[in-house]
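The same subunit A turns up in both complexes below, where it pairs with subunit B and then with subunit C.
Up next, the complex of A and B:
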């Protein structure tokens, strides 16, 4: 094809893969978080990410607040949205003990609703561009280019994920989250306030969605169909083991690298073919995903 | 549980069948007595909404002008506009509705090949003509076996032509010998463009050093671009729409690719400039017309005055499609869709994108030259009119 492949080319593709994988990772964790407690895939997560991206965009362009403040507003705004959706959409279903299928369908409905409310609003369907925050000239390591936004994305993803892990592993609320993920009924009997746990799960998922949305917008662009990209991150979460946070991150990075390497060394036409053939293979061999152990050990 | 899922699915299926069954019930023969209804389809939402909105706005404006002058054949004209959401099956539904419910005499649009390809069967079933605006895939007006589709017309030139012009210009005028291609594998538009670029470029003696694909909806092109960078091309063909152009050109520059970029009529958009002004500096575009052409000025000014928006390429094409249809209705001296269809290949109109005379063989406009435009400091600078055989 394109002659001899050099080491720098390989490194460049690794960086490309990590960068794509880290986008998936930030999104995938939100799926896993909700799945670990509620046992359904919250497809509305993509919509929350999209709204987060728009909040960040309007903070920067219309309110002209500093970047850091925009980040916080976007994270909190998305968190609030996620919580209100839980209240309006999922809680009534939960109270009636509706089957899980109803949750999934409501989540899909909510996702389509969010996409269309943006299209119908004055914001409209056109895509929008974040104002330049960082220089787009990449950091050159020899002939390997490392984007500044990519670097920032690695750092912010790592910090957010570490904070999330800390909350879940080390705090009291984390303990009740872990308890609830084993058994909702059992933890209720032990005096855990399940409504509160679910509230916290959704607010944490929403905050991560806001962060992911804003980073996505900065790196690429903002448009109402951003939610569609979360299909890939959902798949990455399943790949890594749905319900396991380290699994979601690992699965996402792996998917990013597999995709990139297929495009880079075989053909970009085979990218999805090979990535998803591998996914199906993993699920056949190990139905809980790469790092999902069993139902007793989620969250 | 499984039983519930299955019954839910079957209920949904029954619904779908019922809905799709209702579509084509009525026949078309009657058109209303004192108004001439003209249909328009295109994207009012989705990625291509900028263009669809501009098209429908232009047609609304033209219809108002025509009506103020007494209409066509002494009848007032009424426009009916349906959103296809950029989706081929929505386009089919919209056409069915326009013909059987609204009883239009002809349809203008859509702006994209994928949708224009999908509607042929319906047009032939009901015998109503359609004039596509910027649907540039060859198959829009011609069947696989080379016969012309009786009710599909267009006012733009076709993809092969854009691809051939881009290749000819890059090789002959710019002197590039090595070209790379990044294209959308899921798009008819992008594939047609690519195929004929390759054909012309290699037949002239050039080499395609890399050819990489992506799928609509992708936002990261760096794996493909890294590969293209290794092949070290002089020029990279980017035959797709402005959103992907903006993302991929920015990413190409981030990776340190300095090759000249060349593209087609999917590029021009104000959005592209805001997002990738620096990355596309010095690029070339093959387009249907030059925005700075003095002949386009009256239409630009009228549109700007009415909508306070810049007129996109689609507006010019919609204008010419409308003029062609108006001339055909007058020539036919009838509002019968079949007679109008016959007249479409007889008339010749002077549009803003050039003279339009539709060929009877393939229903494409005959002998249109393309405009080569270069992007310099955020402006589209007209280079020359250029055509290849």
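Up next, the complex of A and C:
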């Protein structure tokens, strides 16, 4: 192996890691948003991603709409699903001040429901491939190959994340989201409509999940268990610190790079194992993650 | 339906019941939520199968060694993660369960992804042994729950901070609860391995863990008899309604949400069926009839 080849192989892994990591970030952010306000892990997020991927697939194959329209439809569809899930599943619990255990159990129920209704319906458990949208010949930058889909994944994720950050940091809605994440009671007293804030975080998380689902479907295939990929975004969110958005993005990118490095230099068999080992390691050493807010028990 | 078929389902529901009983202590009585109990089952299954196949050990000691190996894993993972707050423990058990499966996938000694075959099934897991083990398990569980330790666990479930204030060692009791439930899951795993005759890592996926938790919730958080009834019902129903098999998990998912919204206490609602209770019920019933007769006369 020559030195130049080694370097370009390394750069190749970094680029693949960035593109995978940026899609993880799309999922982790939606998950972290819910955690920051409602303090529970929304395990049903994977179901939303899966439905988003299927909407995109059927828009492209059956309705034959142009690619970007399919993109918008799947994002909106997933957003709608996330919001209706909040209405049906979480709101009754919220109104009753149910313990957080009930939220997690319901989220798990919703995730099982979504995954299996797709398997049991005529769609079935088969793997489906997206129709080719872009040519598969990569763009060459020197000796590093940039896959067109990888490039698209990175660009779309970066744009969506930037838009989300703008909303959270610069707008009035973002201000109320940030206020609610500090204290639900306090912000309610200041006139923040908490129901509205929760509606907005679910629709934003859902839209990002739809986008992530479609990107994953394009890169790999669509199947009912595709939502399981969210376990990776849980890991990334814990890695960066639960409830912190920059942490979620940073953790996701880091996880993406670690994963591609593992499959590039060791073996792809160890990829998931390393990810889970990393999760347990982080939980043991620094459970608040790299940028997490410290959780104080305010009884 | 032949007897072999029915006893087969009974054995399977007994195996499920054993894990569910342990999980009931953890989730129903201590208020901890686990996504990784299939991992403990896997440890029990692989260790006990290795003991009988490779070491030629008798069935019951092998089963116990499998159970204790799972318990050891539970103690280890609990020691590391139980002082974390709620969700973190959940995610840690998820990571643990998946990691165990992936590790087994890569160990050639345990047959990798193809798993182990030709595990002795003759005279090992029979309906009698499953029933006996379950009886022991239920008795032990009821003793724990009725004891000071069980009451401490319920106190932790209800109000962790308050129980810490009155001097309950929260960490110790959480660890104890996790260890016992891991032991139950490990023994159940061993029984499963010796019933089927083969095991593969893919049998212990996360779906298995969530299915077990669903049974606990369905039976009712904080009720042993609820867990027993839940395990019997939810193993029998899908077997009888075979055509319904694909829709089984859809209904489970919807049922869990519905239970949480309308009746979070589940089927039994924290109540128990006991012999004393049944006697009292019959006594009341007889007295009522007597009263009626007296009024008539």
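Some notes on this structure:
One rule holds for everything that comes next: the second predicted complex is superposed on the first by the 265 of 299 C-alpha atoms of A that agree within 3 Å, B and C clash if a C-alpha of one lies under 4 Å from a C-alpha of the other, contacts with A are read in each partner's own complex, and residues count from 1 in each chain.
Keep in mind that, in the parts below, contacts are C-beta pairs under 8 Å (C-beta built on N, C-alpha and C of every residue); 3 or more make two chains touch, one makes a residue touch a chain.
Because the structure is predicted, anything quoted here is derived from the model rather than measured.
Looking at the shared chain after the overlay, A:220 reaches subunit B, while subunit C stays out of its contact range. In the overlay built on the shared chain, the residue A:258 is in contact with neither subunit B nor subunit C.
In the overlay built on the shared chain, the residue A:119 is in contact with subunit B and with subunit C. When the two structures are aligned on the shared chain, A:101 is found in touch with subunit B and with subunit C.
Of the two partner chains, neither subunit B nor subunit C is touched by A:197. In the superposition on chain A, contact is made by A:238 with subunit C only, not with subunit B.
Of the two partner chains placed by the overlay, only subunit C lies in contact with A:92; subunit B stays clear of it. Shared-chain residue A:272: touches subunit B and subunit C both. Common to the subunit B and subunit C contact sets on subunit A are residues 99, 101, 119, 228, 269, 272.
Considering their complex, residues 1-3, 5-6, 9, 12-13, 16-17, 19-20, 23, 99, 101, 119, 124-127, 129, 136-138, 140, 143, 145, 147, 220-221, 223, 225, 228-229, 259-260, 263-264, 267-269, 271-272 of subunit A touch subunit B. On subunit B, the positions that touch subunit A within their shared complex are 1, 4-5, 8, 45-47, 49-50, 185, 209-210, 212-215, 217, 219-220, 222-224, 226-227, 230-231, 243, 246-247, 250, 253-256, 271, 274-275. Subunit A makes touch with subunit C in their complex at residues 35, 39-41, 88-89, 92-93, 98-102, 104-106, 108-117, 119-120, 228, 231, 234-235, 238, 242, 269-270, 272-273, 276-277, 279-280, 283-284, 287, 295, 297, 299. Within the complex, the subunit C residues that touch subunit A are 27, 31, 33, 77, 80-81, 84-88, 90-92, 94-96, 98-99, 102-103, 105-106, 161-162, 206-207, 210, 213-214, 217, 246-250, 252-257, 260-261, 264.
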